[in-house]
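Below, chain A partners chain B and then partners chain C, in two separate complexes.
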Partner chain A sequence: MTSYVARRLLQAVPLLFGVLTLVFIFMHVAPGDPTALYMRPDVDPAVLEQMRRNWGLDQPLYIQYFRWIASFLTGDFGFSLTQNRPVSDILLERVPNTLILSGTSLLLIFAIGIAIGIVQAVRQYSTMDNVLTVGALFIYSMPSFWLGLMLILIFAYKVHQLDWWPEFLKFPASGVTSTNYDLFGAGQKLGDRIRHLVLPSIALGVSSAASVARYMRSSMLEVIRQDYIRTARAKGVPERSVILKHALKNALLPIITLLGLYLPFLFSGAVLVEYVFSWPGMGRTIVDAIYQRDYPTVMATSFIFAALVVVANLIADILYALVDPRIRYE
Partner chain B sequence: MNDMPERSGEIRHRALRLLMALIPGLAHLRQGHTHAGLSLLGLALSMITVSIFANERIQATFTAGRLDYWVALLTLAVTLGLTWVVSGVSSRHRLDARVGGSQWAIAWLGFKQNRVAMLGLYLMIALYLATLLGPFLTGYEPSVIGDIAATRHLPPSVEHLMGTDKFGRDVFTRVLYGARISLSIGFIAVTISITLGTAIGAVSGYFGGAVDTVLMRLVDTLISFPRLVLLITVIALFEPSLLIVIVVLGFTLWPSTARIVRGEVLSLREREFILAARALGLNSPRIILRHIVPNVLGPVIVAATLGLGNIILIEAGLSYLGFSVPLPTPTWGNIINDGREAMLQAWWVTTFPGLAIVITVVAFNLVGDGLRDALDPRLRT
Partner chain C sequence: MSFKLVGLSLATALAVTSVACERQAPARQLIIGEPSDVGLIFPLAHRNYDLDSELRRLLYPGLNSARWENGRVEYSVDDMSLARAWEFDADSTAITYVLRSDAVWSDGEAIDGQDVVFTYNLMRRLGSDFPYGDYYRAIDSVVAREPRRVTFFFSRRYPQMLEHSGYSIVPEHVYRDYEPTIEALARHPALREPGDSLVVSGPYLVTEWLPGERLALRANPRFAGEVKIENVVIRFVPEATTRVVELENGSLDVVNPVPPELLPRLAEAQRFRLASRGARFYDFIAWNGARFEPFADPVIRRALSLAIDRQGILDGLQVADFAVPAAGPWPPIFAQAAAESLEPDPYLPDTARAIFASRGWRDTDDDGILDRNGRPFRFTLVTSPGSGLLRSSAAEIIQAHLARVGIDVELRLLERSALNDLVYFDRTRQFQAALVGWSSSLDGTHVRDQFWPPDAQYNVTGYISAALDTLIPQALASTTRDQAARYWSEAAKVIATDRPLAFLWFYGEAVALTNRVRNTKIDTYSVYQNLHQWTLQP
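Then we have the complex of A and B:
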């Protein structure tokens, strides 16, 4: 097991360097350099030149490259051109929000997807199975940002016109917390946060849940056909525990690999969903930074996104090896 | 006197043949191919309906001097002509693929029996036709702003099928013209990324060794970036325009295809016919192009169709954020963004373009799934 983990770690390192190199290339293609922040009529061009020299921007490219990598690896992502503070400060504030949103979505995706997949597999070719398959196809084909807008339209606005609609099913349209959040008690604070999470995490997760359901269905069907399941049934194990105990464990194995696969997809969606729900996460940050041509922030955020994906893949692989011993000795 | 029945029979026979030549699909219907017959007949009828209703606009083609009018007219004529030709040819020579048909003919037969996939195919054809015929299907212009006070935020009605937006423009017209951008960007970008992906995957899998390592590390790196993040990061370096969006989409989405192709090539490489080709002394480019690529075409076509749906979703997201084709050109994404601020008063502006996206992507996914079932010999019994 240790050697497997070590091997996977060693594979992740060059990947991170690849990501860094790519971001460095983007950074150099981008117009302007860090001194753009100080480029004003009242600043002498000679001063700018001096700044360039101080920051090492006059050095050969490869020296800049290694310095840049060293600074990125130590968490120094440069200075934001518009917010007048280090990019790392901005990211420290924003990354947790994205992780909360994506994490909630991920939970939702797997919980809903696995449950639906099991139901479909157990009742293969029933009306229920067909309805769910068609429904999944439509949901899978929906743009997440549009779904988000529709959810806002219905559950944040239109339901207020209905008298009989229960109060707890009306959700806020944007933000992480309400404006009077600071006045709440601890329990209320948590509730407020959860209420704000509902719509964005559904918008973000529902399409992936549809595709998890699809994988789960076929994985479950494959397992159900195996001999050991027939044995379990033959010795009189109740159907419920045949499915939920004997079959589920093995059917879940291939689903774990999806965990790593869905994260980049989820982050892509997060860029749009955060924009729709004014959710102050990394997606919102990168979009705003592009509007304002704040390249250091853009590049650092896109690096963090990629680094998170690499780490998540690593975790998914290790998890898979933990639950499936066959992988370790491959 | 007694040859009357015979003669009337002959007249009837001739009349029928004339009718069958005149009305596309009738021959198929008589032969019992209801499916093919009805679709040909339906296609011809819908084209004729369009030409009757768009009579004025068709005449305007010759004076307006606009390219999209000419494209629409050409589409109308070609489609109408094709229904007759196809109807005439295919009713006489129906190929029987079960006996000695090619790989593709067998796949087509399998695809045809998949009713859901055929539904997707019809939807896809209808979408492309609607896009090409755009100017004839609507009486409005997509970007011309009229009397705002009178036409602003009108709800859907017979006159404005999908209502009007904040500038009083007809949303149906904008969605129709937006389809053009979405479908053509999708088509070109998929062509670029599939070609690149196939080439790189084939080279990587065939040569192996250092080439493979370098290329696959590049693929791993590109895949580590969430797609949309990579796209907006690259697009941020340029001014967004139609060309930039197509090029960036095409050049960033190839890695997944390359991975699929490489996997296929790795197993093909060890097969006898490739060894034979090598033993014959064929050079590598020839082996790759003539012997490897044709054998991976199946999965590549499936990836392309499913990729088209995906790219349409991605482009919608990009133009929703304003990183795609600039305004006032309508795209599905930017119409949705346009309607966002007034969503409460005018829900139709955001809702309908989204539905158009969903239907389009569903169509491509249905066709893609059908193609996978039809092209994958492992699934065929």
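Then we have the complex of A and C:
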């Protein structure tokens, strides 16, 4: 297993370089200029030109690229052209926020998706199965950006106008914590963070949960038609145990592979959801950096995203081997 | 078993979140929603962002204090200025400021003339890291002969002397040992993680900065004036709808700015008020005669202008209360503009058609599009969505208006940076027509910046005018603001007549506040200029 992991990580190196090279080329050939942030009529165009020279943007693209690679390999992500701060400082602030949001959404995706899939499989062709199928397709087709705005309008605005609506189901529309977070005790702090996570993680994860439910339903249906399930039932094992103990384990095997598929999806979804919910994560950072042509920040954020996707895929493969003894990696 | 576990987890989560709901709101805390984060909180690392400017003035006041009054910027000394008086020398090429004896940095060090000298020297030494060269270019030297007297020597007398000598002052004792580059200064611990260690001189201290999330300010106990609201939190909420929803649900007290499309919704609500910042911005269509020959003819440009129903567009977009049709580059915020009141072009499509016909543009092949010598009157109009006063929607309506007089307009939407690059940065000007906007300066100099000389970066249509060749040098050589304003105003009239651009409308950003926020002074100059005097009703 160790050699397999090492080999996979080594294989990821050219992949990451390929991703970074493409991002570098796309960013630099796209029209726009980071000096636009300083563009004002009273700023002499010669000064803007000097800024470009200071940032090395007057050099041929390949020189800029090799310079960036050289500093990147020494662990220097550069200096943000627009925030006037080291990019590494920015990443240290933002990466944990994105991981928290994506991690929560991932939990939500699998918890809800698996639960709904089981119910649908057990009650195949029932009214509930049909309703859940239609609901899942409806939710699956909703863009996360739009869903986020709808959640804000309903749970952060409309319900605030209802006196009878429970206070704990009124959610904040944006941010990671409340402005008076520092005044809270430990329990309140945890609660406050959870409250701020609810809407963005639903917006980010619910459509994927609908798709997991579809996979889970078909996987479960396949498993519960197996002979060993019939045998368990014949032996008088309670139906709940048949489903949750005997069938669920095997039905989960194909679902685990989805982990590797959904993580990139979550990271790309985070770009929009973080923007809507003012969530200070990497998605919002990369959007702002792209708009402002902040090349060092875009490059560093892209690298982190790409690395997280590679690692997530690797984890999914390892998990698959752990849960399925038939799989052997060499 | 599993279901029990899930149920138990849910119950625990609900209990924990319920506890968080019973939070105590700290008394006298004002919460502001702004779209973008601040950059480095250092006045000389200043980006062209409104919030950067506002915070710079709030945390680091300059020697004088400025405000918008009677249609122009007025300078004075008050609790937001580090000086208590100034005087010009006999030939008005030097200003001596007398510093307040009670002005101290937040760490207790006295503010003296050396801080002023250090700040202005640092500006020069930063080079392109401080791109706003106008602030020091005409200043020969800054000398502190006594601790509380500092003199600015200028190369000549000119209208912006008070503005240029009134820039934010930074503490010498904190930053003197740092290399004069923004990259080096950014490594200062107080700038890297601003908190109580950030030394400022304004009414507020920075207590916490969570990048991308919020900036918390607390009243500076060493500030000489009175601060009415003890705690201010600026939250960064990029999405406009979220910002407005948070105002409506009580999470925010102030939203700055409110996007145009949400203004009608807030204007109707009783719980809020909208403060207009004055119509300082203007949207226009730049006609590039170099890329589409008919635009080189001023008569054709007039006909195009007559074919656009400005008021109709503002009414249709429901922003008529927040914008006015424009006649030229001289916005109504200026006193002279109010006095001269140039009339915007009326909507006269029949006249426009007649003018086009007089220039040989007729629909000879009955396809609904004017043509001349077999060439249709067809061009591409570029703009960017989500900017200005609903520019992409306005562009669609203008497209329809021009279609009514037989002109075929193809719309092309570009992302804002790409549009700026195409219109402003790329000097080959590879566009035919562009719907873009401009912010007028507060002293009239934008008339030069945008229209003179013909090869200037922001003179995007390459406009040439013999009258401007006379008027603008006269304005630039003026010694007083009144004298300069007369020349700028004359130049604006020439431009309005020549119509190198189709001036569409003037508009100003609006700030929304809950009614419990009082005593605000919000105008075209600043939103937070008297933030320390704002009050919060219970």
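Convention: the second predicted complex is superposed on the first by the 258 of 330 C-alpha atoms of A that agree within 3 Å, B and C clash if a C-alpha of one lies under 4 Å from a C-alpha of the other, contacts with A are read in each partner's own complex, and residues count from 1 in each chain.
The rule is short, and it goes like this: contacts are C-beta pairs under 8 Å (C-beta built on N, C-alpha and C of every residue); 3 or more make two chains touch, one makes a residue touch a chain.
Treat the numbers as computed from the prediction; the structure is a model and nothing was measured.
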Contacts of A:Ser278 with chain B and chain C, given as first, second, both or neither: second
Chain B versus chain C as contact partner of A:Pro264, first or second or both or neither: first
Touched partner set for A:Asn130, first chain B, second chain C, both or neither: neither
First (chain B), second (chain C), both or neither touched by A:Ala30: both
First (chain B), second (chain C), both or neither touched by A:Glu167: second
Chain B versus chain C as contact partner of A:Gln50, first or second or both or neither: second
Touching partner for A:Ile152 - first (chain B), second (chain C), both, neither: both
Of chain B and chain C, the chain that contacts the larger number of chain A residues: C
Contacts of A:Phe184 with chain B and chain C, given as first, second, both or neither: second
First (chain B), second (chain C), both or neither touched by A:Thr231: neither
Shared chain A contacts, counted only where both chain B and chain C touch the same residue: 30-31, 149, 152-153, 157, 275, 291, 293
Residue numbers on chain C that touch chain A, as the complex places them: 1-2, 6, 13-14, 16-26, 29, 31, 36-37, 39-40, 42, 45, 47-49, 127-129, 131-134, 182-183, 186-187, 192, 208, 210-214, 216, 233, 235-239, 241-242, 245-246, 248-251, 414-418, 420-422, 424-426, 441, 445-446, 448-450, 457-458
For the chain A and chain C complex, residues of the former touching the latter: 30-33, 36-45, 47-48, 50-51, 54, 79, 82-86, 89-90, 93-94, 111, 115, 149, 152-153, 156-157, 160, 167-168, 170, 172-180, 182-184, 187-192, 194-195, 198, 244, 275-278, 280-281, 284-285, 288, 291-293
Parts of chain A lying in touch with chain B, wherever the complex brings them together: 14-15, 18-19, 21-22, 26, 29-31, 137-138, 140-147, 149-150, 152-153, 157, 264-272, 275, 286-287, 290-291, 293, 295, 298-299, 301-302, 305-306, 309-310, 313
Complex interface listing, chain B residues touching chain A: 217-218, 220-230, 232-234, 236-237, 309, 313, 316-317, 320-323, 336, 340, 343-344, 347, 350-351, 353-354, 357-358, 361-362, 365-366
